[in-house]
Every structure is written in structure tokens, then in C-alpha cells.
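By letter and in written order, the chains are A, B, C, D and E; residue numbering begins at 1 in each of them.
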């Protein structure tokens, strides 16, 4: 998984039907490199902008949904505790 | 998922049978790096050249199709709203 | 998917049984970077050296086979038309 | 798989329900590059900080669990023997 | 798939139960870059140190096993013929 910080919302009115109502956010990978990798992630646990989160990528990401046949490849699976330093 | 801009069409008359009729487009990943990563994506929601889109990659991409056994690893799952800035 | 050019054949007499008879080729990813990424791909549609092809990677690549339990992670899914410029 | 060294713990009180009780650790990939890639991994075999481990990534990582529908994309599958030099 | 050269053995006495008896090797990806990417691979076809091999990565790698629920993401699927130049 990746450690990332949520930095914005992504709005896409027109999308694949099965994704209606899904919340997309922009995440910036936390590392010690100059160029921060950015990716779009799905969130179902109420994470907000500024939160540090754990991102699951790849085909396992869709396992956050009960209905699993969702075309999603990155999802928030946890919010990192504020007092967790790394 | 990746944020990308559609920059062209890809035509491949000779292809795997199950892909007949599928629309392939060339997408350029949106980031702040000099070298833009390019990939070929499938589109089923009518996205066009110039659109900013959300791309799902990996084996989840084929979940945009009803018939799921398609050898496709990247697909447009949404068109980013014009007034969404990031 | 990736746009790539086929640049050679890969011969492996000793291999996993299920792969007997399968044609492996060396592909060079088409991009505007100095260092061209190379990968080995399976081909079932008669692509040849010099052809520009569409490569599906990851676990979806094996969907080009009727018998799907093949340990293959990259496959030619289409030959890009000669008059397609990008 | 990747060879990595475990360098810390990751605490996330708020997370996807199915992940309750799961131990997350921070791992640093072992290579000869300046910038060490870091990722968050799940551990079920009692690995500790400082251990060199084998990490399985992608959708196969969840196969360390009996209940397989876990949104996890990286897991410790072995602890490298101390006298194994590479 | 990747072309790689096997450069060592990886020993991990303590590991996930289902992996007992499995042979892990260290592979170095063959490319024309300064920094050689290294990964750990499973081998079931008797490849040895020094061999050039074809590596299947991702969730398809576990298809080299009859029992497929193995947490493995990279496997030797073929040994490249000595007289194959690329």
C-alpha cells in the first residue's frame, strides 16, 4: 500500500454507471522525492482533504465495495493516526 | 486511477476478435513532470480528444464491459468536469 | 495499454508446460524518452518484427487465450494501422 | 517479489472494517539506488522492525489470508535468513 | 514479461505455510540502463544461477502452480536459449 495525503476532490459528472455516487479524491504519495506522484482514489470511509491515508492499489482496491465489479484501481483503506510518525 | 488528457485516436484494424468495434484512444497522463507518460485506453462513454478523463488501469479496467473477459488494461471511467481544478 | 514496436524473437525451449508452442517476441515501448523500455510479449495474431502493436499488460493479458490459466503478463492485442500517426 | 527492510509501524485506527486487527508496517525496498522506495505492507507471520523480508505485491498479496476478499496489495510472505547474503 | 538473469538464491526459513518447499531466486532485469532492477522470483523449472530467464509478474505468476492460491507475484516461466541474442 502507499502512504498518501489527500489534496483535493475530483468531480466527474459523466462516468461509468456503476460509479454513480462514488467519491473521488486526489492523493499525493508521501515520500522523500522532489516530484510527488499523484493519483485519483475512491473513498468510502469519510476521509477528508489533508488526511494522511493508506491507499490500496490494483485490482484489490475494489474489495472495499460490497458489489465488487467496480472499475476502480485505487482506494482509501485507512486513515493514518495523527500521532503516527514515519 | 490516473488523471489524463485524451490526445488522439489509435486505429488497429487487425486485432483480437473480442475487441472488434472497441474504441482506442491515446491518453497523456496529467502531472507536473517534463516527460508525459502516454498510454492507450479503451473508451465506452463517448469521451473525445481534449477531454480530461479518469483512467482505471490494470485488471479492473475490463469491468467497464458487460462481457468481462476482454484483454484490456486501461479504460476511461469518467470525464473530469471542466470546472474541476486541481 | 502500451504502444510498442516488435524488435525480435525470444526463444525458450525449456519452459512451463502450458506455454508450449507459444510465440514470444521482444517489444520496445514507443515513447519520447531516451531509454526505451523493453518487455517480452506473447503473440497470437501473427504480428511480425517491425510492426507497431498494442500491448495489454498484467493479468488481463492472458484473456487472449481460450484456456485462460496461462502464466503470461503481456500480450499483443492489435497491430496499429500503418497510416495511424501519433 | 521485493526484498525490503521493515522500518516502522503504521497505525490507522479508522479503516475498512474487514481490516480490523491487521498489522501494517512500513517497508523500505532493498536496492542499490539512492532513493529508497517505501511501501506499507501487511504482516501475519510476526516480522519485526529491522527484519529483511520478502514482499508479495499486487492482488496476490491477499492470498496470505484465509478470508481472501481483503483490500490489501502488499504483504510479508517470508523473513530472509540472517545468513543469506545478496 | 521481463528478461532477467538469475544472480543468487534467497533463503527464508520462516514464511507463509503454503510456500514451504518453494525455491526463491534473485533476478536482475536485463536492460541497457545503469541501474539494474532486482526482484525475487519463484522457480519451478530448475533454472540456475547465471541463466537468462523469462519472468512473469503480477497475479498471473501464480499460474505456474497447480494449487493456485499462492502469494507469489513473480515466477520463472522459461529459460532463454543460449543462442538467442537480443
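FYI, contacts are C-beta pairs under 8 Å (C-beta built on N, C-alpha and C of every residue); 3 or more make two chains touch, one makes a residue touch a chain.
Please read all numbers here as calculations on a predicted model, not as lab measurements.
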Partner chains shared by subunit A and subunit E (touch criterion as defined above): D
Shared interface partners, meaning chains that touch subunit B and subunit C: none
Distance from subunit D to subunit B - Cα centre to Cα centre, in angstrom: 31
Distance from subunit E to subunit D - Cα centre to Cα centre, in angstrom: 19
Junction residues of subunit D, two or more chains touched: 58-59, 61-62
Chain contact graph, described as a line, ring, star, complete graph or other shape: ring
Ring path (origin subunit D; first step to subunit E): D, E, C, B, A
Subunit E-touching residues of subunit C, taken from the complex the two chains share: 7-16, 18-19, 24, 26, 35, 37-41, 58-59, 61-62, 69-74
Parts of subunit D lying in touch with subunit E, wherever the complex brings them together: 1-3, 31-33, 44-45, 54, 56-64, 68, 75, 77-81, 83-84, 86
